[in-house]
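First the structure, then my questions, so here it is.
Letters A, B, C, D, E and F mark the chains as written, and numbering starts fresh at 1 in each.
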Amino acid sequence: MIRAFVCVARRDLALALRRKSDVANTLVFFVIVTSLFPLGVGPERSLLHAMAPGILWVAALLASMLSLARIFEPDFADGTLEQLALGVEPLSVLVIGKIGAHWLLTGLPLTLISPILALQFDLQPLAILALCGGLLAGTAALSLIGAVGAALTLGLRGGGVLAALLVLPLYIPVLIFGAGAVGAVESGLGAQPHLLLLGAFFLTSLASAPWATATAIRIALD
Amino acid sequence: MIRAFVCVARRDLALALRRKSDVANTLVFFVIVTSLFPLGVGPERSLLHAMAPGILWVAALLASMLSLARIFEPDFADGTLEQLALGVEPLSVLVIGKIGAHWLLTGLPLTLISPILALQFDLQPLAILALCGGLLAGTAALSLIGAVGAALTLGLRGGGVLAALLVLPLYIPVLIFGAGAVGAVESGLGAQPHLLLLGAFFLTSLASAPWATATAIRIALD
Amino acid sequence: MLEAVSLGCVRGERRLFSNTGFSVAKGQLLRITGANGSGKTSLLRILCGLLTPSDGKVLWNTRPIGEQREDYHRALTYVGHLNGLKDDMTPHENLAVASTLAGCPAGRSARRDALAGFGLAHCADLPVRHLSQGQRRRVALARLALQNPSGIWILDEPFTALDAEAVANLSRIIAAHAAAGGIVIFTTHMEVTIAAANIVLVNLGQQADRA
Amino acid sequence: MLEAVSLGCVRGERRLFSNTGFSVAKGQLLRITGANGSGKTSLLRILCGLLTPSDGKVLWNTRPIGEQREDYHRALTYVGHLNGLKDDMTPHENLAVASTLAGCPAGRSARRDALAGFGLAHCADLPVRHLSQGQRRRVALARLALQNPSGIWILDEPFTALDAEAVANLSRIIAAHAAAGGIVIFTTHMEVTIAAANIVLVNLGQQADRA
Amino acid sequence: MTTRDSDTYYSGNASPSAAKHRIHWFHYASPQTFYPLAGRLIPWFAALAVLLGAAGMYVGFLVAPTDAQQGDAYRIIFLHVPAAWMSMFLYVVMAFWAGVGLVFNTRLSAMLATAIAPTGAMFTFLALWTGSLWGKPTWGTWWVWDARLTSELILLFLYFGFMALQAAIDDPRRADRAGAVLALVGVINVPIIYFSVIWWNTLHQGASISMKSAPTMAMTMLLGMLLMALCFWMYSIATILARVRCILLERERHTDWCMTELRGTP
Amino acid sequence: MKPRHKRFALIGAGLATLAVAAGLVLAAFQKNLVFFFTPTQIANKEAPQGRSFRIGGLVEGGSVKRQQDGVTVRFIVTDTAKSVPVEFRGSLPDLFREGRGVVAQGKLGADGTFRADEVLAKHDEKYMPPEAKAAVDQAQKAAKTVIQ
């Protein structure tokens, strides 16, 4: 079981690294979104500072959401998804492998690069720490929830939008607590409660999302 | 020539309306991005007001960029693009048809919906007018420029990011003038010069982008 | 032994077939024939457990396949219309992943032999996106050489895009598999001669025009 | 008359063929043979003008095709490995678009006849995504019935996925086109008998292993 | 517009006879003759670059007087202005050769364009870097979003895009042609950079040197700047030629002349 | 239409489009599209109200006054026709001198004082040694040019 799990995760990582796009795509998107804002909003320091948590978190959320839209689609189109479904191990385990790879390729780099982008906005060191911690748990939760949406809408005609509509209500709490953590530190309060809630959110989705995703994939292949 | 042009545009419109996603996708994205910000940033009025032009324009730019990434890809994958290239009419004319359809499906709805979203931010009526006018010409220019990027990266490994990297330098002026127009009105000046420049930008891309796109498509099919 | 018990299938508004039953024992070949659109692919996917039939059931060793999915999948190899290959990976890597998922990871040399058996030695390390139509099909089929020798092969038009030599080669491989006690279920529109003792035919008839 | 003058083609690091020349006159059939990966598809794409050859040129009525693209495309119909169909549109709509782009818009009844000719009457209004493999191929081929009668047809493996009846039907259509003064250039791995007077063969040889 | 791309599409190296007719014009455009010629020229240009650079530095840092407004900080001008000039000039040259490659399907000109891009990007970066270094003491800020600065930054992105696009495409012929399209589309940025200080009132100063009027600059300062500009020019030629030679060898390694060339220099 | 004619039509249309674009650009430059506003424009109410913008001009000779707190500076920006008082808290760039160019970002107060967040120095395109500069200054004493 572990072997199949590792195999799937490694396959996705290898594919992404080979295409480069998938890794870079999200990162570039994240960097672009955060850097376009100063261009659009104008160079006023205080304004940018106040906007920082919102901009960073919205950008991270969008980056994660957009990259998720196509997590199963290529496999569906070229027939490898049906091969996964015909594999010996439970599909939900393989799905965790795929989601894990996705997170390693998007959530993690995003978290790692965020301190640099935060510098643009003059955030204090503690706030940056809260940002990273929040993103670590938050992006993982986003990947898990997003995968359910992506699987549900696989092969459906209205694909992309529907997934967004299904997934967004669940994304919003992540956004609010995530941006809240940064804001709390900036205004001199502790970020702990926010971060704990994010952690709980992550664990809950870890327990339920893979099963839901696997079921949705079987339905899509039918 | 006109007939083939209309045929291609109608085909793309019909396909998009049939899938619905393509229209709704961009709109939903636009709405989400602009509405998430108040959530992420907090409800401070003056802050939101000052950010408004930037947020609206960045969101429009991203929506347009993301939907463009796949303007030629499906046609490339299912072989209809090579049929277009083997058509009797110049490819550049057919390309204008495709871009036109794309604009009707993204730029136009985006422009039409923007006044409603602008209300969130307390913009004055004149500023909203400048926003719409700017978006009208600006999104058209974005569609044209973006098509070049999409065609250049068709079937490449790093596709998506690369397209963004190629296209963004040319997007930046649109963003600056677009957001500038709204800002100018807000601060009591006329938006006219900004809008005129956006118009010029649009016309210049109209004259050059279809040719570049057609050439890029032929190169990609090679 | 694989049994289909009074299977029926409805796609969209159309009933493709109903009350179709057969059984295939070890060492037997089953060829499904029928015009375009008569439901062959649908039937094969039902046999794999990918599609739920509207009536009837599929039994393997007398138990429904849904109740023993893991064991059934260990015995099964399905090559469909789609090749199930990743364009960005080489044939070698594709085979490595496929064999691991099928529960019997193959070493590098085993994979090399499998590819060579399908005449792909010289392009085993090119990304699949650069291969010709027929070469891709061959990579998909090379999985057959890696799976357990008494398994069930379900092949949907395996001969498409193959040149004459490769067709002959594949026929030989199919015959050998059956001779070794395996089961092969396949469809094809081509006239192929397979030197096997025991071929069962199931005809799904003309294009399904019935309501 | 279509002429290929000392064509050569290099893909990646490999030279697929070189110094290949032939000419096809009106009423002639040209069949290109060769193993998988020998470069048949590449040659056909060069003849269409989609691929630039590394050497040589293609002449139509003694002028390079690049200098008269519009006229050449008006005469040309290409059916490649890919069907060139939109999954979300019906066969009818697909044909309408294809014929308009080819410069000879077909009316509804002409399209209906073309589809019926390929046995698709009953699924002419289903979206293509619901069709079987063979039915899709038929839709792609139905374009042939709408184009001008003395044109050039370039067909890449047109017989794949077709059932026996459809294969016979297509062979008939090809023969008739040649008899009416058209040119047909095609590849196939199947043994097909086409009742035409004048078939030229070009062999691209074995899998291109040369450097 | 169709004739244009049709030429490139079908003819070009497909017609050996045409190459024979052009041979007088394009003698040095053939890789075999160009390769050794470039090899012979490189040392000369490199030497010139070193000499001019030394002279320029000497004039700029030891001879030229202090500026009345800025004191000694202004001396960064001897790097900034030549680098900025070269960044724009090289882009135009690159687009020109890329366009020639696209239209006439000549291999060498496309390779020239590929070879120019990194040098151009380097000078663009140098202009941006020295500019913002200079901006801190004079203007009081590293960076402002004024038209000159923004458009120069866009130029850097265009160079990057050109290089990234070419790197992403395996097939060199396709890479050349795709790059050419991008380079041509980006040319419009160059006049914008140049005229931005006239069209908008920017924080960046206007032109000190123009065709129409006498330079508003002391003669020795001007001399230092011109020497440095010439030095950069020679340096560019030398590096570009060297890079073209590498690209030539890489792409034509299967041809006879490359084989002999490679065997000759073990 | 013959292919040749079609091609000419397309090229013609492209050129016409470019011409209109050029017209729009020229029209745009008739209007003010600026990095900063001059005191004259501010006097004519052409500058933004209640919003952050940039003001540019010369620092009027003898107008720079440092306040008691040591960080606040007041000076007057002029374009020789009109002038605007500016107040700024923070460190000034090295090149900030009386009689030289300056660009300041900030808001115009109700009292007509410009409250700056950032002050940048702007210089012209003239480079010359101090002696030459003195000579030129002598010659052009009266006609001080307005920076562009």
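Keep this in mind: contacts are C-beta pairs under 8 Å (C-beta built on N, C-alpha and C of every residue); 3 or more make two chains touch, one makes a residue touch a chain.
Keep in mind it's a predicted model, so treat the numbers as computed, not measured.
Touch-path distance (fewest steps) from subunit B to subunit E is 1. Note on connectivity: the fewest chain-to-chain touch steps from subunit A to subunit D number 2. Closest chain to the protein centre (all Cα atoms averaged), using per-chain Cα means: B.
Separating the CA-averaged centres of subunit D and subunit F is a span of 66 Å. In terms of their C-alpha centroids, the spacing between subunit A and subunit F amounts to 45 Å. Per-chain CA centroids place subunit E at a distance of 32 Å from subunit F. Taking each chain's centre as the average of its CA atoms, subunit A and subunit B sit 25 Å apart.
Counting partner chains per residue, subunit A has residues 18-19, 39, 42-44, 157 touching two or more of them.
Shared contact sites, meaning residues of subunit C that touch two or more other chains, fall at 81, 88. The set of subunit E residues touching two or more other chains comprises 1-2, 9, 144-145, 173.
Note for the complex: subunit F touches subunit E at residues 3, 7, 10-11, 14, 29, 33-36, 56, 92-96, 100, 103, 118-130, 132-134, 148. Subunit B contributes residues 1, 90, 92-93, 183-184, 186-190, 192-194, 196-197, 199-204, 206-208, 211 to its touches with subunit F in the complex.
By the touch criterion stated above, subunit B contacts subunit A in their complex at residues 18-21, 24-25, 28-29, 32-33, 36-37, 39-42, 44, 47, 50-51, 53-55, 57-58, 61-62, 66, 157-162, 164-165, 168, 172, 175-176, 179, 183.
Partner subunit F is touched in their complex by these residues of subunit E: 1-3, 65-70, 73-74, 77, 137-141, 144, 146-147, 199-203, 205-208, 216-218, 221. The part of subunit A that touches subunit C in the complex is made up of residues 3-4, 7-8, 11, 14-15, 18-19, 78-80, 82-90, 94, 221-222.
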